[in-house]
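Here is the structure we will look at, set down as structure tokens.
Going by the order they are written in, the chains are A, B, C, D and E; count residues from 1 in each one.
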Amino acid sequence: ACGNSSSGKDVKITILQGKVENNKQFKQIAKDYEKSHPHVKIEVTSIGGGTQYDPVLKTRISSGNAPTIFSLAGPADVQQFKAHEADLSDTKAAKAAQPGTLSAVKTGGKTVGLPFNVEGYGLVYNKQVFQKAGIDPNSLTTMDKLEAAIKQIDAQKSELGIKGVFATPGKEAWVFSDHLANLYIGQDFNGNALKLYKSKKMPFTKANDMKTMIDLEKTYSIQPIMQLDYSAQVNQYFSQGKVAMIQQGDWIYPTIEGIDKDFAKNDVGMIPIPVPGEEGKMPVGTSLYWAVNSKKSTQEQKAAKDFLDWMYTSKEGKKQVVNKLHFVPAYKGYSNFKMSDPLTSAVFEYSQNHKTTGWAFPGYTGTSWDPDVAQPNLQKYLSGKQSWDKTVQNMKDGWAKQQKSSNN
Amino acid sequence: MVKINLDHIYKRYQGNTDYSVSDFNLDIKDGEFIVFVGPSGCGKSTTLRMIAGLEDITKGDFKMDGKVMNKVQPKDRDIAMVFQNYALYPHMTVFDNMAFGLNIRKNDKEDTKKRVDNAAKILGLTPYLKRKPAALSGGQRQRVALGRAIVRDANLFLLDEPLSNLDAKLRVQMRTEIAQLHQRLGRNFIYVTHDQVEAMTMADRIVIMNDGMIQQVGTPAELYSKPENKFVAGFIGSPATNFFDVKIEDGKIVNDGGINIAIPEGQYKVLEQKGYVGKDVIFGIRPEDIHAEEVAIQAFPDAIINAKIQVSELLGAESILYSNLGGTDFIAKVDARDHREPGDNVQMAFEMTKAHYFDKDTEETIL
Amino acid sequence: MVKINLDHIYKRYQGNTDYSVSDFNLDIKDGEFIVFVGPSGCGKSTTLRMIAGLEDITKGDFKMDGKVMNKVQPKDRDIAMVFQNYALYPHMTVFDNMAFGLNIRKNDKEDTKKRVDNAAKILGLTPYLKRKPAALSGGQRQRVALGRAIVRDANLFLLDEPLSNLDAKLRVQMRTEIAQLHQRLGRNFIYVTHDQVEAMTMADRIVIMNDGMIQQVGTPAELYSKPENKFVAGFIGSPATNFFDVKIEDGKIVNDGGINIAIPEGQYKVLEQKGYVGKDVIFGIRPEDIHAEEVAIQAFPDAIINAKIQVSELLGAESILYSNLGGTDFIAKVDARDHREPGDNVQMAFEMTKAHYFDKDTEETIL
Amino acid sequence: MKTKGRTIIGIVGLLLGILWLFPFYLIVSNSFKTPKGIFASVLSLPHPSTTDNYVNSFQALHFIASLTNSLIITICSVLVIILASSMAAYALQRNHSKLSSGLLLLFISAMLIPFQSVMIPLTANFGAVHFLNMWGLVIMYLGFDCSLSVFLYQGTLSSIPIAMDESAELEGASRWQIFTKVIFPMLSPITVTVAILNIIAIWNDYLLPSLVLPQAQYTIPLQMFNFFGEYTKQWHLALAGITISIIPVILFYLFAQKWIIKGVTDGAVK
Amino acid sequence: MKNRSLSFWLFLTPTLIALALVVFIPVIEGLFYSFTDWDGLTFTKMVGFQNYITLFHDKAFINAFWFTVGFVIVTVIMLNVIGLGLALLVTQKFKGNNFLRTVFFMPNMIGGLILGFIWQFIFTQGFQALGNALHMHWLLNWLTNETTGFWGLVIVTVWQMSGYIMIIYIAYLQNIPNEIIEAAKIDGASAWQRFTKITFPMIAPAFTVCMFLTLSNGFKIYDQNLSLTNGGPYNSTQMLAMDIVNTAYNSANFSLSEAKAIVFFVIVAAISLLQVAYNRKREADLH
């Protein structure tokens, strides 16, 4: 309905996005859109696997082959590509975005990104194991209760037919540096990524709380944790019922489903990590944002915005977002939708009930602190090479050092 | 010092349909100097290579001192060899090329140096010891190849045309050196050459081959004076023996081309015995047994022919006269004094006691 | 058909301190057949390679038809060459090897085939046309190399020992073919050989080299009978000329070793004129000019020597006698009838009219 | 004794071969497993086995289209590389001067540059002249891969007797003819080697084409990486994909190997 | 060929142009950027040698450098020994040598990234299972610390690259004229002596090439590093190329990354070219 405004001349928009696992669906959605908007052509490309998204975007931009729509991962990206980001504040989607979801992409009074979706994480658990052990996961609302439950399960591992309480992926440092640390570091910034990004200091006041949690995950995991990676955690252990729970988010659902459909449908659930002071709240946030290339012709930009609006705010678009992409929407107007799986349902539920905390970690994921300081230090701690105090100290110092030399 | 037996040996190269060597049968005595001769491609090198162990023997046994050696590695046969194509090590100096075989055997360094220096002196290679083969002339390379063999003290020496690229003077010199080496070491030598002089002077026995098969084995004198077939007669001696198709009639050989010559009595008797009278045979006479001197003409009055010189070559002491008799070319080697120019008509006499007769079909020697 | 001038040409290879060819000066007439001879390493191949343009000329000019060619690319010189080391294309069949030069020139395919087939027939290579060089015998490879040249119709033919690995019979045959080719095409040929017979029979003129320098240029007969210095006298003829150190005294040559021989009057006059009487000179006499026949002994009574045979070789029609006279080895080539065994004492006569005399210092010919 | 030696060699070879093949066993056996099966036990044989992975991955890879693209790009690039670098190596090897050694060092040093450091300027330059497509990619491969190829050719050229050039030159061949008719054929073992090395590099390359190619020209590896998400790796599809995509290379290799023959220069010179 | 001749240049033109376009011009641009504050898209100012000063204080870079040096030393030796060994093995006459050639080369047919992922399986599952079954402790816990990470990388690299090195050696081995080997046999050289005294000197160019290749590849290795250990744990197995890439893309510090690349290039070039020059000289002495 909106596409027809473009004066009858054909436009082609290109999309480069960082979520490979959804590329196929995006392509289908684009096809549908092309059907109803005959003058628009959409080409969707994604970057996957071993290569990072940023270098490709950069080379595409610098070689004059820039996409019309691209994705941004957080404030650091916003900063890096600021010359190419169009203001999206006047789009329908921006207006419909849920409060808080745009805070990371607001810069100089402009809104330069639209969230893909929201995601949430916590402890994804195996219903059967908990049932057998006689524990109600929803009752684990404090660290003490959680710890007691963990110990109980650990004690009857063999009866429960599991190899460990957790499968803790020591190889995937981001699980700790981003998701876990966010819960504790983020408290100092109210869960606001932008604030964190701009902060010269990292107080890390809740470091001790984090130690308790990380120690639990470390001690009660299948060993050696430093050998476990994401697919060991999710595909090999959790999805095959070999552990009671893992610290992950709703995005793992398709993977579980790929391994065992029935198990995915019936036996998984997610509870928030009982962070002291923020019990019962799930960390929900946005990992990727859409941006529109401001260097493209206005006509092309317009077509791009129209497409995004259509996807997130039209009736057909919404259906696609929920049913095809299995996204938990970051936008208003989805209340009558039902999420398709237990994990997204959990996220959706928590966010509908506003029982959420914010994601502060996008404030550091794009900086070198994450890969150069946080991740190696946490891994050192996990492999027993370094004390917790030293780890925390290094993280704080590293942050201060980085922020001192950066100019934002 | 070994006894060597080649026992009905055959060789067919992969990809060929014919045998390159067939039914090669030869016993070599201790310390013998054997020379292989034969036309290009007759299988001389192939035979050497089988003896060396470089080619598999297709059929038959090769024995050294009675032991079958077919499967023994070349390196364990204790052989020194001069390759027809030299096969120098391009990355080694002349010295190292020659010293290689000794070094491999952990020969005393000093002794090696002495031997190589000595060989280099003999071969005239002393100034080139530090060069790589690529910076040598053809003959120098060949001498290096020869040097590689003569420094060795092997059981058996195989020399494949080792002197072909040397000048006459050097060749004579080398011939002597090789002969001396043979005498000194008392080892078996097998020597391939195309040079008749070399073959005649060096060999204890000559093996003459054609088309992969042995034609005759014998001392040089035997081959020269008692060739077993037309091939041998035609091959040994240079220029080659002249052959005429003739008929034996009335104690004479005759043909349409102007030959009408009396056969010495002894010869005729044998021909008669063997039943060749009245038959066509091949008559052979060597160029050096055709004379043009007055003395000879008078000495052999019933063995005279008349021919017109077609080409003549004066070679210092001798003259080679090319003529034609009734369609058959023939060559006479006469004293330089009797040199004639093309176009001259000359009377020549055949020295019939030296004549040979061959069966027309089998080409075997009759007499 | 070109006139070729080599104008004081020098060549020094990189890395060498000496010149491999020095002051090479030669004019070749239209259609001449030139033969280079000389000891191994004397610079024959180097000279050919400079003519072909394969080596840079260090100094001097090479001209064809008056035009300096030093910088002209080999391919533009229209030359056919037989390399001493063959240089066959290992990846091509014999046919393709021979046809290559013609194909490059876009010669008509059929004509090429005809020429190659014809050459193969002459060379006895017809059965091998489909083979690769690696599957040929040494002589066959050499014939391919020769074939590559003879199919061509070049301005200038350079043949570097093209027959060295062939048997005597084939060699004679090839010699004739090359001579015929030369006659038919009327092109210039430069031919390197170690074979005296080839040199003597094929050459219009022979260039005899030593140590990179020309020793003498002349017709075969000139070189044989009028060598300009001791080197030439010693090089041409096989076995080589015998040299004795003698003193000229009283119309005689004498030395301590038992030589006491009258000098023919005419010769003595010249020696006297040139002031050699009473002086030491080098006396040279060819093996074939030393006689052992009774007749000769009687004919040359004041040119008799007595020697003990050390080695003797019977070569069919001739016999080579190796003796020593007062410390100087010498060789006589006598008729097979006069063959003697080692240890025999023999009277021999020098045919003094054929004798040569050389200055002891310069080694130039006196007479 | 000869045969005994061969047996020992054969056994050693067999053992090494098994060691080398083991990862391929993993690839192939897991490609027939269900996703669950893969993670249940990586090392076991597939049971239950399925060929679905092949069907799905064949589709997901747009196999025919991406195979065509891969083939075009690989074949063109390799042909260009072989021709250009053998020519260059020939020029450098047959010329003995400071200049040619200098040029060779230049070629060699080009091999040392980490690709990632030129990636952005490179694509920017090519983009500026609208050459970000297959043909631009072919030029880039020539630039990146010619050094190694020149280096390889240069080394073997030294074993081809200069007499070959000389003889051809005398027969009237131009430099180009000498090269194409005489030298190049004799280089065949190294040409095959160069071809193999470049083919596998180009066939498997991901990063460069991902920067250069428009979607319509996507190659197999580009499609393949769709199986490797940010978090999830669809191993079952990827392994099937790997299996079908290396078959062409293996076939080529088996075919090409015959050309690496012994003794190309045998019988050339005495 | 004379270097003034036209054909000399004509033969070189295609490669020189491609090299210039693809390598040299971009490198010069990169060199320039290393003196700026380039962020991959634009730069605002020249910073002089700032980036170069920074990098010499960059612990990660220094660590990566030494880790890489160790890796290079080990792999260069192993790859050449094993690669040449395999080449010699499969050029022997025995049944199945052709098959083995294919087998040894096959690892190259899979890209480095995927290979790394596959080997993770082997190290974590295969080694673990084997270690438990055989009670061999050293087989356990691979890739969880620097040492096993290092050897893991070495194993994968050797497994993959030795077939590559092998076929280069094979190509050169095949070029040795038969007759020379035959001459050595006659001279009494054993198989080993033929190898050391004849074969090896004759394939000296291959040795130069392979040394260079293994050296430069070792320094430049990235894919396997990324997919096998991703630099972990705690960046202890991060190699130079990865550090450079991460500097650029994770930290968005492109100019520093370019500076690192230049320093890296200079170091590697110095080592490799020295090696080549040395070996070439040796070769020249040989021919």
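Observations on the model:
Here is the rule we use: a residue touches a chain if its C-beta (ideal position, glycine included) is under 8 Å from a C-beta of that chain, and two chains touch if they have at least 3 such contacts.
Each chain and its UniProt protein: B, C = sn-glycerol-3-phosphate ABC transporter ATP-binding protein UgpC; D = Carbohydrate ABC transporter permease; E = Sugar ABC transporter permease.
Since this is a predicted model, take the numbers as computed values, not measurements.
Distance from the centre of subunit B peaks at A, each centre being the average of the chain's Cα atoms. Chain D has the C-alpha centroid lying closest to the overall centroid of all protein C-alpha atoms shown. Separating the CA-averaged centres of subunit D and subunit E is a span of 16 Å.
Subunit E has its Cα centroid 59 Å from the Cα centroid of subunit B.
Chain geometry summary: the mean Cα position of subunit A and that of subunit C are 94 Å apart. Annotation for subunit C: residues touching 2 or more other chains are 84-85, 135-136, 138. Each of residues 116, 120-121, 125, 206, 233, 263-266, 269-270 in subunit D touches at least two other chains. Among the residues of subunit E, those touching two or more other chains are numbered 40, 113, 177, 179, 202, 245, 248, 287. Across the complex, subunit D meets subunit E through its residues 6-7, 9-10, 12-14, 16-17, 20-24, 26-27, 42-43, 80, 83-85, 87-88, 90-92, 94-95, 97, 99-100, 103, 105-118, 120-122, 125, 139-140, 142-144, 146-148, 150-152, 154-156, 158-159, 175-176, 179, 189-190, 192-193, 196-197, 200, 203-206, 221, 224, 233, 238, 242, 246, 249-250, 253-254, 257, 260-266.
Partner subunit A is touched in their complex by these residues of subunit E: 39-42, 60, 113, 120, 123-124, 128, 140-145, 223, 226-227, 230, 232-236, 245-253.
Residues 49-50, 52, 54-55, 58, 61-62, 76, 80-81, 83, 170-171, 173, 224, 226-229, 232, 366-368, 370-372, 375-377, 379-380, 382-383, 385 of subunit A touch subunit E in their complex.
In the complex of the two chains, the subunit D residues touching subunit C come out as 161, 163-164, 166-174, 177, 181-182, 185-186, 188, 263-270. Remark: subunit C residues 13, 15-16, 37-41, 44-46, 84-85, 124, 135-140, 142-143, 160-161, 164-172, 194-197, 200-201, 220-221, 224, 234-240, 286, 288-289, 313-318, 320, 333 touch subunit B in the complex.
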